[in-house]
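In order of appearance the chains are A, B, C, D, E and F, and numbering begins at 1 in each one.
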């Protein structure tokens, strides 16, 4: 059976932390789907099109990394694309307790779905989309936190 | 002196996790009051009447479990009902740090109030009302996470 | 059914932290048994007789607190004395993860045994028997960390 | 080079926890700037003028403690006032993981900026501005959680 | 390139927790090597032969699970067998901080070595070889904690 | 009053993690004493003379960093050298809970002694003396984990 992993998130925007997890996990799976979760009641900083375009650009040389989008429960999306794995990056102990809860919940809803955790690179473990947006709102420089493709597009 | 515990929460809705804590604690106290905290500035998913009805139905065979409601500070409610104990379920380390802060705060406001902690059953430790609501909003099946009484009433 | 709790430990020596947990829990149970676990392959700083005498002296005015001793598994001791509760004090998040593991283990061996956790008083949460022994070995003053009865007996 | 620390926060209102950290750190630095971060899109419970007046009153006898205000990124403010240190109080493990992320982020934006952590006094570690506001909203007594100057001013 | 993972441990004895991690990870890798680390200065409860025999017996129907042994650094063993992955089970936040340190260390010694984490099943998260040995020493029943093969062999 | 900090440890051997903390803290204090704690009942990997020589060599260009040694309680040593600060590096949440306990203990024994925490650099947070010794015992290369001075001396 093909080993297909979903890497879910808002990616508003995708960060160097996200990219690092996907690149490290890419050799392990036949396919990784970077899945942009969208929620109609939530406000995003970047448009869906923009977020999607960046992700596609960033992984264009990774033949087994695809970009997709979904609404609703992650377990429904993973089933619809035939994925048996959820891929998650974990940065610290507080993150872990959260991911454990979500993994356990997802398994309760789909017993076949396995969560695979990769530990964030220490030098990237301070990066989050929330922090990137906060810096952008305050006019700061985010070039150390996001892929160079995002810089290019922004100008 | 009667041993009266308050088990406070929004119970929007009550979950199998909540029910398990109350049932395990019931033999220890003369009375447990499941106390629905309400906050006029907060939006709830289920009406107060619905949440209360479910709790009463679930514990109807537990002679020492009562349902009540309160507004404002928990310490004021515990005093008003003559309770000397707060009952809390804790799922993981992150939960614990939070509950420790709240317990210490409550004791600062009422030196007589003792917080009693019961550890969540591992197979229930992924369940929270927040997650149940999230699944409901997305049309998922919550029957593994809430008492059967909630299923019945919903239909 | 009588509510009997076992408070297990080495108590080498008993500290103000231990005493605080037992005194706060005393009103909740019909009986609390402070149970000195002994392990023939382990070296203790104080003799068993000394440790037991201190505990008895400290709780002599608490009519529902008894002192006992046991070897082997805690679950066997709790069964032998008809106890349905284990009482534990927890100081911080790291402690909690440890106690959760032990509580889950004990429940796997005896489904009737419930672990009740009380959060250490913040101003006592740095105290442990290990630290008291370390100070004693180095000739320091432990009077802030142990009950006054221990001072008296030592002279 | 002068040792200048910034102690950033909303201080809505300043608590005994904040005051304790600043007073303990005061001898270590040539100057500590208590810096009220303001965010035009955020609602505060107390006016900026009120929050500032309290802080000034509380530290009026501390010749090396100043009060200031800033908008935007903390690293921009620290640079503008020539500060090389950020001062933070940490209460528990969950706090630590958060502060580590922020410190690492700030260092990525300003390699010269060093975060100095002081551990909250245990008997103050349950206090936060959020909790003080919650108690005020519910008509409770916050005199154990805030400096006496706040009581005086409120009347 | 073949996806080969090493699952290192003392396995003194292997527990249901270990077995669960390997079985869940088996479909993800081309080969998993259950690697018994041995340390001549360390005392084991079960002989190496016994521990190895149990592991082989338990995984005999898993064509891609092998058993091996090693001394010294894990990174040297992984290199010698051409493995690019370390497989680890993590039970709670405290475990995670430990595994993060080890994973970071291993990557510093071998940049190609990726650690893959699977979260322990909640109902198995109290099991450890240490606890199993403790129960055995005290004459307790470990059948809920170890694979049935271990029972059979012991008689 | 002079700002004197003690940085206590076994330093068996000193690592890049230790060195980083001292160098980052050096501008904050008038003097930092790297204090080698020795315990006659404990076995060390390197001789006291060797450990001391490395520390002196490493900090020889830091005019306000001294090396010293002590036996017994840290609080007695800090008093004897007129230090009012303990300097500690903290790597993760688990470390923090431990350091909080020790800091609180030390303050109970000497109310004037303040513990100052600096967060380990993320890319050094996997390094510990224990791990360095483990690698040395197994014939591994520790050059990424210890100062270059240690390499030189070893040859």
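Here is the rule we use: a contact is a pair of C-beta atoms (placed from the backbone, for glycine too) under 8 Å apart; a residue touches a chain by one contact, two chains touch by 3 or more.
Remember, predicted model here, so these are calculated numbers, not experimental data.
Undergrad: Considering only chains that satisfy the touch condition with subunit A, which of them also satisfy it with subunit F?
TA: Per touch definition, common to subunit A and subunit F: D, E.
Undergrad: Comparing each of B-C, A-D or A-F with B-D, which pair has over half of its contact pairs in common by residue number?
TA: A-D
Undergrad: As a test of understanding: of all chains, whose mean C-alpha position lies farthest from that of subunit E?
TA: For subunit E, the chain whose C-alpha mean is farthest off is D.
Undergrad: Quick one: which chain's Cα centre is the longest way from subunit F's?
TA: Taking each chain's C-alpha mean as its centre, the farthest from subunit F is B.
Undergrad: Whole-Å distance, subunit E centre to subunit F centre, using C-alpha means?
TA: That gives a centre separation of 34 Å.
Undergrad: Return the distance between the CA-based centres of subunit D and subunit F, expressed in whole Å.
TA: 29
Undergrad: For subunit D, jot down the residues that touch at least 2 other chains.
TA: In subunit D, 92-94, 97, 100, 103-104, 122, 125-126 touch at least two other chains.
Undergrad: What are the touching chain pairs in this one?
TA: According to the stated criterion, the contacting chain pairs are A-B, A-D, A-E, A-F, B-C, B-D, B-E, C-D, C-E, C-F, D-F, E-F.
Undergrad: Across the complex, what residues on subunit A touch subunit D?
TA: It is residues 91-95, 125-128, 131, 135, 138-141, 144-145 of subunit A that touch subunit D.
Undergrad: For the complex, which residues does subunit D have touching subunit C?
TA: Its residues touching subunit C are 92-94, 122-123, 125-126.
Undergrad: Okay, in this complex, where on subunit A does subunit E touch?
TA: For subunit A paired with subunit E, touching residues are 1, 3, 24, 27-28, 84-85, 90, 92-94, 96-97, 99-100, 103-104, 114-119, 122.
Undergrad: Touching residues of subunit F toward subunit C in the complex: what are they?
TA: By the definition above, subunit F touches subunit C via 72-73, 75-76, 93-94, 97-98, 100-105, 108-109.
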